[in-house]
Amino acid sequence: MPTPSNSSTRNCNQMPPILTVEGLTKTFQMHHLGQSLMAFEDLSFTVSPGEFLLLSGPNGVGKSTLLRTLYRSYLPVAGQIRYDSREGVIDLAQAADIDIAHLRRTEIGFVTQFLTARPRVPAEDIVAEPLRLAGHSRDDALKEACHWLKTFGVKQDLWRAYPTTFSGGEQQKVNLARALILPQRLLLLDEPTASLDVGAREALVTRLADLKSQGVAMIGVFHHAADVAHLIDRDIRLKPKELSDVA
Amino acid sequence: MTALAKQPPQLVRTRPLMTLNGISKTYDDVTALDDVSAQVYPGEVLGIVGESGSGKSTFLRLMNLQETPDSGSYHLDLPDLPDNLFTLDRFERRMLCARQIGIVYQNPHEGLLMTHSSSGNVAERLLIAGERRFHVLREKAQSALEASEFPIPRMDAPPIELSGGMQQRVQLAKAIALEPAVLLLDEPTTGLDVSVQALVLDTLKRLQQERRITMVLVSHDLGVIRTMADRVMVMRRGQVVEDGLVDQVFQDPQHAYTQQLVHAKL
Amino acid sequence: MTLASLTENWKAFSYGFLDASAKREMRRKMIKAVAVPGCQMPYASREVPIARGWGTGGLQVTLTLLNKASVVKVIDQGADDSVNAASIRRFLTRVSGAEATWDTLDATLIQSRHRVPEEKLRSDQILILQVPNPEPLRPVEPNMSVARQMHADADYGRLWLTLYEQIVRSGRIMQGAAYPSMVNRRHVMAPSPIPRWDVPKLNMAEHLTILSAGREKRIYAVPPHTSVEPLVFDDVPYKVEDHGHLTCIRSGLKGFFMNEIPQEDGTAAHEVSDSHLGIKAIDRTSGEQVEFGETWYKDGEMQQ
């Protein structure tokens, strides 16, 4: 199903892909049951800079599993994930842990709806953390963090509070602000809009459009794809144990 | 099908700060460590998880040069050090540990003089390194205690009068007083109340982020490892059964033992 | 040639009480102690006719060094006339035929408990200090095997830590007697329980000091012209007892280490601790011709 394309899509498609997935296979070995579970098999696709790829398919088909495999939270059992990093091409399927950790800090982001808050750390510090890890000064990072907390609609009197005490919705906004504060080159989005209020959803979509125009490649799973319909360049439909790439 | 084998680092060009290779250690007939290797990169937190007797604490004691293995080598990527630190004599080890390796023990009695003042416990580190100015000892002890979020008005109270959480903060202040290259943590929050544990972990996390201290954290508590570590090594019966990024090992454990461990916890 | 002509006549005990092999061991250990200043040398510590803890260590050294030309002075807390000092002095002269004196200037051997005389000692004099606790690390390290390793490594941080603790708790260094001191920039020794006042007298001195603990079986020495530096912080200077301004109520001497004598009205009077120095001052006042040696302290200030 071709998606509504715009000018940026065409430009991007002419660029060499930032991510090339070939023959990617993931099974889960469950030792206590003595069996293995196939998540997906022999999956191949590419993503270019500035391109927005939607993963679709029925529940349980392995969309989130694919995102996590790309992020290397799951270890693939076969195939390649060639990623064109600033420092050269690397196969994420087999890269050393330390390289993956490095890329996660600098180039590859993962956005979920869940926040792993830490006790006694104020919201603004949690949001500022990626910038500080990237070497920004504390003041600059905090300033930027407040900007994004405001953008995502977190009330100002909560900025210095600890998100462990926040409602689910507020935690989610803090998480988005944190996940999107530092422009990455590849963003993996795992239902970031789920249960988000309208204002925050608009802010998120605006931020994603902004990042996309800056050339950030994105692969996303969205429960309501309509939220981001105008951003989608291509759609990969996952089917149980097989793949159809309709782009 | 098993997961693809990992390749050596390609992007990260920095050398590991700590390299331990082929470490074996036997006590009488008991094999504590059997050919264990590990690399720790600057600024990262390596978690070591395993049950009692898995060899994780022995491994940490070796990193602290408290013991010498039967075989294997240990290198720290710092100036003027030999390829294998186990060749250092007692005196050289003491000087190296005082300056470059901080340690926090589970039991404060192991790391602290319980009836000396808390600030004095921190000052001892500085004294070993040769500091002989009282006002400097005072200032540095205070700033290390502040960094460990210890209440400064109590800095001269002896640890024996303090709570378990505060004792760990004194240990931590002592460990970081000389800004060591490596901070070793041996079950630092085991035995503390859950709320106190969270506060101590939080201090550790903050210190780690602010100072980029390289840490090795030993714990049997998966929650502690998950909160703190970047990478984790799962040990059992003196061997490493699995190692990887912390989210990967917890979400997609490969080895039967790790699966059992993770599922038992979650 | 007869056996009798080759041997000495039977005697009830050896010259100087100790038998020859005991003296030989003492000499060897004293030489070792001099060779490594401040380092404790173990020795057998023989039985002598006083109880352990009453100066047996010092006594064995003195007995070994004695000869008929020796002149011995024995003091206890600065006094020649205390029971212990008198007993030891009488014993020493009886077993050796050596001469006894109260005057520091005349003595060749000075056995002392807790004090160094106020008059400067010369290179032909030997000071023998009785030591109860030779190990300066004992208060900080109960395991003596570990303490020896610490000496080997010059690992003395804990001693400075003790001083740190005293300043933190009391606002000043409380260590009075046996102030830990670095000898020859290498070994820290406990200079027997001499007051802080006396420690600087051992530094770069003309005389040899031998310190001996009979109960603990340890001997150590400060050779002439050897540095003895009390452990201090760079920014907290070493202070001796504040006796420089006190006057002795009996002799009128001023500027020496004093004994405090509590008075009925709650105040305190002072008399000079080096008793024979006081006696000489009294004699001079009553018109006698007395010779005073040069003193380490002048007008209450250490001269170096």
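Going by the order they are written in, the chains are A, B and C; count residues from 1 in each one.
Rule of thumb we're sticking to: a residue touches a chain if its C-beta (ideal position, glycine included) is under 8 Å from a C-beta of that chain, and two chains touch if they have at least 3 such contacts.
Remember, it's a predicted structure, so these values are computed and weren't measured experimentally.
Student: Select the chain at the greatest separation from chain C, using centres from the mean of Cα atoms.
Tutor: If we average the C-alpha coordinates per chain, A ends up farthest from chain C.
Student: Go ahead and name the chain pair joined by the largest number of contacting C-beta pairs.
Tutor: Among the chain pairs, A-B has the highest number of C-beta contacts.
Student: Let me have the rounded angstrom distance from the C-alpha centre of chain A over to the C-alpha centre of chain C, please.
Tutor: It comes to 79 Å between the two C-alpha centres.
Student: Would you kindly tell me how far, in whole Å, the mean C-alpha position of chain C lies from that of chain B?
Tutor: Distance between chain centres: 49 Å.
Student: Which integer distance in Å separates the CA centroid of chain A from that of chain B?
Tutor: Computed value for the inter-centroid distance: 32 Å.
Student: Where on chain B does chain A make contact in their complex?
Tutor: Result: residues 1-12, 41, 44, 198-199, 202, 205-206, 209, 227, 230-231, 243-245, 247-248, 251-252, 254-256, 259-260, 263 of chain B touch chain A.
Student: Give every residue of chain B touching chain C within the complex, in rising order.
Tutor: 90-91, 94, 113, 116-117, 119-120, 123-124, 127-128, 132-135, 137, 156
Student: Provide the residue numbers of chain A that touch chain B in the complex, in ascending order.
Tutor: 25, 27-32, 36, 68, 72-78, 85, 87-88, 90-91, 93-103, 118-121, 129, 132-133
Student: If we count contacts the way the header does, which residues on chain C are in touch with chain B in the complex?
Tutor: 149, 152-153, 155, 157-158, 160-161, 164-165, 167-169, 233-236
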